[in-house]
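Just passing along the structure, written as structure tokens.
Labels for the chains are A, B, C and D, by order of writing; each one numbers its residues from 1.
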Amino acid sequence: MPPRCRVRRPDAATIAAMLILMHAHATRAEIDDVMDHVRSHGYEPIELPGADRIAIGVLGSHPASIRDNVVGLPGVVDAIPVSKPYKMVGLEWHPARSVVRVGSAEFGGAGFAVAAGPCAIESSAQMVATARGVRASGATMLRGGAYKPRTSPYSFRGLGVAGLELLAEARAETGLPVVTEVLTPSEVEVVAQWADMLQVGTRNAQNFALLEAVGQAGKPVLLKRGMSNTVEEWLLSAEYVLSQGNPDVVLCERGIRSFETATRNTLDLSAVPLVRSLSHLPIVVDPSHATGHRHLVAPMALAALACGADGLLIEVHPQPDEALSDGAQSLTLEQFGTLMAELRRIAPAVGREMVGVSVG
Amino acid sequence: MPPRCRVRRPDAATIAAMLILMHAHATRAEIDDVMDHVRSHGYEPIELPGADRIAIGVLGSHPASIRDNVVGLPGVVDAIPVSKPYKMVGLEWHPARSVVRVGSAEFGGAGFAVAAGPCAIESSAQMVATARGVRASGATMLRGGAYKPRTSPYSFRGLGVAGLELLAEARAETGLPVVTEVLTPSEVEVVAQWADMLQVGTRNAQNFALLEAVGQAGKPVLLKRGMSNTVEEWLLSAEYVLSQGNPDVVLCERGIRSFETATRNTLDLSAVPLVRSLSHLPIVVDPSHATGHRHLVAPMALAALACGADGLLIEVHPQPDEALSDGAQSLTLEQFGTLMAELRRIAPAVGREMVGVSVG
Amino acid sequence: MPPRCRVRRPDAATIAAMLILMHAHATRAEIDDVMDHVRSHGYEPIELPGADRIAIGVLGSHPASIRDNVVGLPGVVDAIPVSKPYKMVGLEWHPARSVVRVGSAEFGGAGFAVAAGPCAIESSAQMVATARGVRASGATMLRGGAYKPRTSPYSFRGLGVAGLELLAEARAETGLPVVTEVLTPSEVEVVAQWADMLQVGTRNAQNFALLEAVGQAGKPVLLKRGMSNTVEEWLLSAEYVLSQGNPDVVLCERGIRSFETATRNTLDLSAVPLVRSLSHLPIVVDPSHATGHRHLVAPMALAALACGADGLLIEVHPQPDEALSDGAQSLTLEQFGTLMAELRRIAPAVGREMVGVSVG
Amino acid sequence: MPPRCRVRRPDAATIAAMLILMHAHATRAEIDDVMDHVRSHGYEPIELPGADRIAIGVLGSHPASIRDNVVGLPGVVDAIPVSKPYKMVGLEWHPARSVVRVGSAEFGGAGFAVAAGPCAIESSAQMVATARGVRASGATMLRGGAYKPRTSPYSFRGLGVAGLELLAEARAETGLPVVTEVLTPSEVEVVAQWADMLQVGTRNAQNFALLEAVGQAGKPVLLKRGMSNTVEEWLLSAEYVLSQGNPDVVLCERGIRSFETATRNTLDLSAVPLVRSLSHLPIVVDPSHATGHRHLVAPMALAALACGADGLLIEVHPQPDEALSDGAQSLTLEQFGTLMAELRRIAPAVGREMVGVSVG
């Protein structure tokens, strides 16, 4: 076979190692053969003699890339790669915490930012009423979906550009910056014209073409965790955005898929301090999609604040029982006001400042 | 076949219904046959005519018990049982919240109870030092394992009765009531002699013989959630204990099993407000086993308080780097003191009172 | 609020019903209010009187769309929607099984089709050697990735158009039709120029813009199951493609994400007979990505044949220990030949015919 | 602290190693400190110098036992234990495959054993009719539950000793050996008096007291996989039984818990070849509990045979629509006969022999 394209990327800085474990009965020739194989891929193997077997250590850039090539060799029990494969999003090489600014809103730092609004943009009246209401309670950003990813092709899928216009109208009325979801690379440009922040949703968390497109759009990105993504995969998705030159990513935990069906998803709140121990990026929580039930939203919002989140994404609708989408998990404006008051009571106890202007 | 033992239990009070959905092309004869079948099991079916098909409603006690018998009948698409199958643990028939008292400690009510101590009881010095330390920081109960369930038969499995004696010694020194795990029915009696509260662990959450044994032991029970149990299954396990005449059950969320491996389990904190909306039993959270990492314990403990938990179970060890079990997730006494101080700052903001005496 | 855009879609044919369960203590006024609410959304409620409570049945088109609107009403315990929300992919309205033809290959019917080839297209020599080898063993289609979705931005991501050219070259050499993955709508046109069948991968299984784009491309589609998608969600993704006028969809089970980490994914083989009981679309199995281990591929391929799959997708590489991607799960040409011989032995016993020409 | 009880068990033969990964910026002093710490626990550390960081290898008996003690040390990124912690059940030290004999039935070897019968023992007529019917179709063992673990305390929980007597009666009538579940250590003796094989159910798969009790009972054990147990944990549960001197364990895959709710559990059929690559113990499959739907049982039974299982556990009931338990997943005697005929057709193609006497 002719020489090929194995690309050694210039990321020696990612943390990586691999341990190749040999059978207790592996022969010297088998061990040597594995060592040679490792060398042929450009790595220096290190022999670790143990009581009843030998192991072989491999360090360097991406040793895991040869794991698949060695596990089948005679005498090998297993090869365990160890890595923190992200680089730009990681704390090790960027120890200062990032702050992402979106208009007047700020994610990261000592503040605690709350973006609120309906799941789907439905009408001018709905959007303006919501925007005024949530601003009065102290929200710092307005959310609302113009392009809706729906499991069924027969569900309401959003108003599209007309929805973006309504979002902009609500911004003009209230001064709140707006965040909305973008579904596909070709729509990034138009959404970026209207929105202050681009949201990548859970079903697109590993849509790498979209991640690169928002990485080039010149707007901050709200990156939801894929519902079956590990924290490591999620950080790698963020790495896609950063690798395009866009440092302004806010991560959003919104629940993962588990066997429990009493809640819409399983809110993995431990991911908040975990992400904060691994990455410098801000992280917010969406308790509305995570739980799917209105009465669980406020308790989980308070918990998110308590465990170190940098903010919240909350679904609010002036009339949840008439909502086109996600009514069961939307707060009324009054319920949202109550929640904001509760957050304000806890914030000082955890060293956070509620930054929105509350007129309540 | 002779008459048999279908036991109709006297629990008309549990919430139950079933909807049998017929094919669009189901014939009248098929529909009638299903209705007859339902009647033959002692239920009254109700026909629901729809635009393109018929459904059949069944209400009463345990209609789900005949689901398996009707889904195979001609013309049936599916039969969906709807139930809240627990009764004694449910809020509907017992709207007043329960308070469980264990010596001087109290779970439920306005207080927030913290049980702390090592995973495994190792020595007198370890237990007394821990008990004094955690009491000084405000813990109201001491925990420690004398019988340890271990995945591998080759792991350290606890000191047994000798461990119970060390636990009692630490109680005598500090006045703190003690909770410890019991693994099998035949050991309930001996554990109940020494302990103030019996813990049923996650691997035994559906060990029904053990649940009944602790239900008869005359001591309060700390019931951990099975790592793959739904909230409904967990409440039914509690129902086993209550059905034996023991009303003193405290539920403990300790993480469920999901695809995420960065944490030992996935702490399902949404279960806290969810359980509180379904049951009158107190609920506490164990962030140590849930996360498996020391640096995640404190944030999740604060989150548990914020979302409505009635208390915590925290692993504390005077020298975690020498611990025989679970060292990576144990707090030092100093770290525990810091956590308690943080909890004290948040508690008033969520209407809770930290009841332990803090001398720190 | 002004009149809005609740779109009633013309899909009365989907199976749908909802059961609203009232509290045992619900008042007559509360029950009437719920009934009125249901009527205000254009449905006719039906009262079901039970021993200790009332339930309310709702049939018709999409009653689940108002679930969110009723669960919060006073006196309501829960509202359980029952639905088979897909239509065009379902057996109920299309009882004849579909056969999808891709050049000389055929999915569905009595045949058993095997598509084989490397994970990533690397070189001309690799592709031609693989194509000749797998054809000789009886494969009916060639697979290979030119655009690779990779979790990390630093992994090898495919040769792009150059890879498509190599794929076409291998087709010209062997006559085997080719299937390859497409990642984003804007690339559908170019991929459709070169490929005989378009693959939508697991990470894009709910990329609805992509699903619609391949629905309009005039080529058969291989739709992998999303790694966290239920069978119902997967069928709805297929419905997206069919709703654009493209009936030629082949479903591919490739493993779901569970807590088990010993295999790359958890192959949900029960989905094969389940899908066949719900849908007329052909279904194939990819045991390579599902298991991630070469020695598990053949057993699971045989199992797929035995439980009713219409074909397989198998990763084959002439030199797995030099592969750029997925070497650990790739069969050698010799191993592939052995597998094909084993399949040939079982096929007649389950009423299947191996349709490829085997020269071995 | 006084000297304590760290037990070094004599299992140097288990495969074990650990890789400690240091920070890129770790100081020489930090590295030395970790090396000292490792030595203080009785292990010899090996330094692995890499391009941008140091790693430290640890081999020997149970290095993972000190993982918790080192991960918190300054300069440590992570410590990754690598182990195959089981010994007696593993192939490495016991390369010959085990055959477990239960009366005239045999698990392992070239035969393919089928145990069939109802979920719950209900009556003499039911058991005798079932036993005769399944024997006539070629079953080699009878199954039936006298003690039923039920999620709800209000469900039918079995006939107890009266059920065991009915089971023995059916054995006397047909000569088929019988397997039945035991729920708690104190019942092992009585169940072992009546049964030929003791079943440990999924909810007790980590009930270690029960595992040890059946390990001492002198009867073969059928060990179901815990519904949330990894294959490694399952093998460790088997190790508990073997460590008590009982080598006769048959493993039973019965489905794991995943997010998919269309089937009762997710049958992890890949576990069959995986277990066979790790352990010498026979493995059978229970497609009835795994799928929960009658129409999925036969396809998955065929798949189990095809992928290398040593046998099956099938629920059969003479009148499934009258069954007290699990009717929806039980085959009729006629359906069971059809399945056995299909298995007979496939068996020779995979080198298996159906050993039961079929009179059909």
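Annotations for the structure displayed:
The rule we apply is simple: a contact is a pair of C-beta atoms (placed from the backbone, for glycine too) under 8 Å apart; a residue touches a chain by one contact, two chains touch by 3 or more.
Source: prediction; values computed, not measured.
More C-beta pairs in contact connect the chains of A-C than those of the other pair, out of A-D and A-C.
Most remote chain with respect to chain A, judged by CA-atom centres, is D.
Taking the mean of the C-alpha atoms as each chain's centre, chain C and chain D sit 31 Å apart. With each centre defined as the average position of its C-alpha atoms, the distance from chain A to chain D rounds to 37 Å. Centres computed as Cα averages put chain A at a distance of 26 Å from chain C.
For chain A, the set of residues touching two or more other chains reads 228, 257-259, 261. Contact residues on chain A toward chain D in their complex (touch as defined above): 12-13, 15, 17, 19, 21, 23-25, 46, 48-53, 55, 57, 59-61, 77-78, 80, 82, 84, 92, 257-259, 261.
The touching residues of chain D, counted against chain B in their complex, run 1-2, 4-7, 9, 11, 14, 37, 62, 65, 67-73, 85-87, 122-123, 125-126, 149-156, 159, 183-187, 203-204, 206-210, 226-228, 233, 236, 239-240, 243, 257, 294, 318-324, 326-329.
Partner chain D is touched in their complex by these residues of chain C: 228, 230-232, 256, 258-263, 266-274, 277, 290-291, 293, 295-296, 299-300, 302-308, 342, 345-346, 349-350.
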